[in-house]
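Take a look at the structures below.
Look for chain A in each of the two complexes below; its partner is chain B in the first and chain C in the second.
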Partner chain A sequence: MTGHVIEGIGLSRRYGGFAALDNVDIAVKQGEIRGLIGPNGAGKSTLIDVLSGRAATRGGKVLLNGEDISALTPQERRRRGMARSFQRTNIFPDLTVEQQLLVAAWAVPGADIAEVMDELRLTELADIPAGEISYGDQRRLDLALALVGRPAVLLLDEPAAGLTMEESLGLARILRDLANRWKVTVLLVEHDMQVVFSICDRITVLHLGRSLSEGTCAEIRVDPTVIAAYLGTEA
Partner chain B sequence: MTTLIEARAAKPRRKPVGHAMLIGGAVAALAVGAALPWIVPTKIAMSLLAQAMFDALLATSVGFLILQNGRTSFGQAAFFGLGGYTIGVLVARQWVAPELALLAALILPTAVAFLLGLVISRITGVAHAMLTLAVGQAFYEVVFRWRELAKGDDGMSFDLPARVFGFSARKLQDPAFMLVLSWTILVLVLVGLVLFTRSRVGQVAAAIRDNEERARFLGYSTVMPPALVYAIAAFIAATAGILQACYNGYIAPQMFHWSTSGFALIMAIIGGAKFIFGPAIGAIVLFYIKDFAGQFAEYWPAIVGGILVVVTLTMPRGVVGLALLLWRRGTGR
Partner chain C sequence: MLIQILNGIVYGGLLYLLAVGLVLIFGLREVVNFAHGALFMIGAYIGFSIAAMGYWWSGLLVSVFAMALVGCALDAAVFSTLRKHDHIVTVLVTFGILLILETVVTKVWGKAYLTYPVPPLLAGTVSIGGSPFPIYRLFVIAVSVAVAVSLSLWLRYTRTGLYIRAASTDARVTSMQGINVDRLSLIVVGLGTALAGLSGVVAGPLLSLSPTMGNYILIDSFIVVVIGGLGSFAGAFIAALLIGQIHNFGAVYLPWAATVLPFMLMVGILIWRPTGFAGSRT
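What follows is the complex of A and B.
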């Protein structure tokens, strides 16, 4: 055991001639919120896809609590405590909020949807088909689906995309709070730097499919290679 | 946010019909069914209505695939025909006892549909529709050309045995008895489907229909629940085929033909494929339309086609969807 809940070692992924991920290493400790930032095409979503089993890695391996899960299906990874959300809102539009959270809970023994509905402020929307609720509510529902059963690892791909600043920061506060109380380890892809710097313990910067830098928020803010490649002088 | 929540909380939500109301409705429907021989005036009318019940079962089977799997089938007649042919051939040849023939006629199409479902549930859209059409027509071609099986395109008549499960099988060819029996089976099938959609596996199948990828990442096999839905739909279609074959004492390749599947699909669309009861209502509506149009024109299918165009354009949720909309507007719900 290395003390890391989720680890990616030497992860690579190519799409045709394009190297979306090139020998990337990442390791996240329990309860940590790790930000994953970088310009478009840096490989952030691909890294989430490889870790979650949506895409296969060419070489390298994925470890969950020290166990090699590289060959496991997404379903098997979910049963071992890895959950994810998607870049675009990914819910069940014809099912009510409660119905789909129940569906999510049935896959995880002992899962309780009441706590998730309460924490994500979805209780009042329980009987409404998800396709009829607002976009902000749908994003919270998307997060709730991943949080059902208190997963050990949560991979979030731009959970605040399309939200207002107020909604984004509200979502960030919920995430920080749940990570602390539920001991959920979070890997967060996000373009909104205010969200990233407000909740992340550490940040990994990807650039052109490679790991450019890693450190605390304060270290990343002043890292000249990161400023040059991504943040710019405004950060 | 608060304003939005309050606005929604203030609006009464549509709750599904409770189990007590469902059972009460089913008991009332079964009572109506038992009284049908006294309500329907003539044997001919009873016979035509019994045929409409077979159609209603087949249409329900097609509609259930659309409702639960989000897939359109142009080949559901394959299971209708397979049910009818299995019982017809086994009874005519007397290879097994009639009871076993009945069980085989139910199990064979269900098992075939389940195995097919494991493959075709992964395919969507036009490709799925074409694949079901191909499967249905493959069955049709086999029975059409295989004369030794059941006299090929001529079809084959067969005599029912004297008794099945201790009951007189000849009653299956009595219009009044068959009308009550087929009505009863239809009611039980509809109630069963409502309960299925509320069950865990039904809800998971609906989630897979809505968003297969998300269901997979929640930890579900996205193949088994849809395959189970295919099997249930085939069981219903086979039941309709068995009833029709026994009532007529006759099986013919037309039972497998794509036009049989097509008419069932039209019934489902006219009634409202997004509702469990819609396709059965559509079958009854189409039954009366055919009866009415047949009095005026030899080419009544053209009239049915015109009605389908009008319904598709003006009532995308079918007759049941329109009726529900009018009822909700009328009651302010």
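What follows is the complex of A and C.
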């Protein structure tokens, strides 16, 4: 054991002649929120896809609590405690909020939807079809779906996309709070730097499919290579 | 008039049994199954062969069970692979299956039209509004309603039903939530083809059996699926009843236009609402 809950070692992924991910290493400790930033096309979503099993890595391996899970399907990884969300919401518009959470909960042994509904303030929306709730509520439902069963690892791909600044920071606070109390390890892809710098313990910067830098928020803010490649002088 | 409406419900019920199988299969596998009419036809022939030996009800059960197995085999061997390909590939492959199945039936049972008997229990007529109406046709309505109600309750209140509704909306996301969509598809395609078998047996005594008997009703079933909204079970039910009435009243009052009326309705509805009555997909 290395003390890391989730580890990616030498992860690579090509789409045709384009190297979306090129020999990337990443390791995140329990309860840590790791920001994953970089310009469009840097490989952030591809890294999430490879870690979650949606895309295969060409060489390299993925470890969950020290166990090699590279050969497991996304469903098997979910049952073992690795959940993810997508850039767009994953809701099923015709199912009620409660039914959606039940669908997610039945697939995970011992999952309890009441605590997730309570934490994400969804209890009073339980009987409303998900297609009829506000976008902000849908985003919280999306996070709730990933949190069902208290996963060990949460891979979030732009969970605050399309939210107002106030909603984004509210979501960030919930995430920080749950990471602390539930000891959930979070890998967060997010373009909103205010969200990233407000809740992340450490940040990994990707650029052109490679890992450009890694460090605390303070270190990343002043890293000249990161400023040149992504943040710019205003960060 | 009442008799005409009932006859429309009978045809609508048969369309629903066939169309709901198409909806189930398209929902999970996104396969437009052109072989569905051939499965309906084979279901009718299997039932006929056993009914001809004097076991009408056994014929129904065996046909439904056999078609469920055929569906599971189709899903495992064909549909699960087709999902990764373009829709035109699925159309061509399922059309090929249709031709193969028609050839097999022609070899086994011949091209001649066959008459499917009505079971003795359901022979005869009852008086409705002073006019005689075959008991067997009431049975067809009862079967269709029973299937519609059972399916609706199953999809709404059971775990598997919720999984199916979720996977029909987005199979990829459902899979990422830890649900084995391939296993779910096996159940759904098996159920869809079993309903095609049931529809074939139930329709048998109302139609003449021939290797091409599924083609015409399949076209009407596709119209039902499109009008109802791709992937919508409730939409398919409403659309089936509507097409049933149009088919029946058209045959009586506008026989020269009867065959084109469902198409005209489909065009009109798609212009008004491209996703159909209750669909979210185009």
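As a working rule, the second predicted complex is superposed on the first by the 235 of 235 C-alpha atoms of A that agree within 3 Å, B and C clash if a C-alpha of one lies under 4 Å from a C-alpha of the other, contacts with A are read in each partner's own complex, and residues count from 1 in each chain.
Keep this in mind: a contact is a pair of C-beta atoms (placed from the backbone, for glycine too) under 8 Å apart; a residue touches a chain by one contact, two chains touch by 3 or more.
Here the structure is a predicted model, which means the values were calculated and not measured.
> If chain A is used to align the two complexes, do chain B and chain C fit next to each other or clash?
Here the two partners, once superposed via chain A, clash with each other.
> With the two complexes superposed on chain A, say which partner A:G136 touches: chain B (first), chain C (second), both, or neither.
A:G136: touches chain B, not chain C.
> So in the superposed three-chain picture, is A:G66 touching just chain B, just chain C, both, or none of them (first/second/both/neither)?
A:G66 sits against neither chain B nor chain C.
> According to the stated criteria, A:I128 is in contact with first (chain B), second (chain C), both, or neither; which is it?
It touches chain B, and chain C stays clear.
> Specify the partner with more touching residues on chain A, choosing between chain B and chain C.
Of chain B and chain C, more residues of chain A lie in contact with B.
> Figure out whether A:G162 sits in contact with chain B (first) or chain C (second), or with both, or with neither.
The answer is neither, since A:G162 touches no partner chain.
> Using the superposition on chain A as set up above, list the residues of chain A that contact both chain B and chain C.
Dual-contact residues (chain A): 52, 54, 74-75, 78-79, 84, 86, 90, 92-95, 99-100, 102-104, 106-108, 145.
> How about chain B: which of its residues touch chain A in the complex?
1, 4-5, 8-9, 13-15, 200, 203-204, 206-207, 209-211, 213-221
> How about chain A: which of its residues touch chain C in the complex?
52, 54, 74-75, 78-79, 84, 86, 90, 92-95, 99-100, 102-104, 106-108, 145
> Can you list the chain A residues touching chain B in their complex?
52, 54, 74-75, 78-79, 83-84, 86, 90-95, 99-100, 102-104, 106-108, 121, 124-125, 127-128, 133-134, 136-137, 145
> In the complex, go through chain C and note every residue touching chain A.
Going by the criterion above, the answer is residues 159, 162-163, 165-166, 169-170, 173-180, 280.
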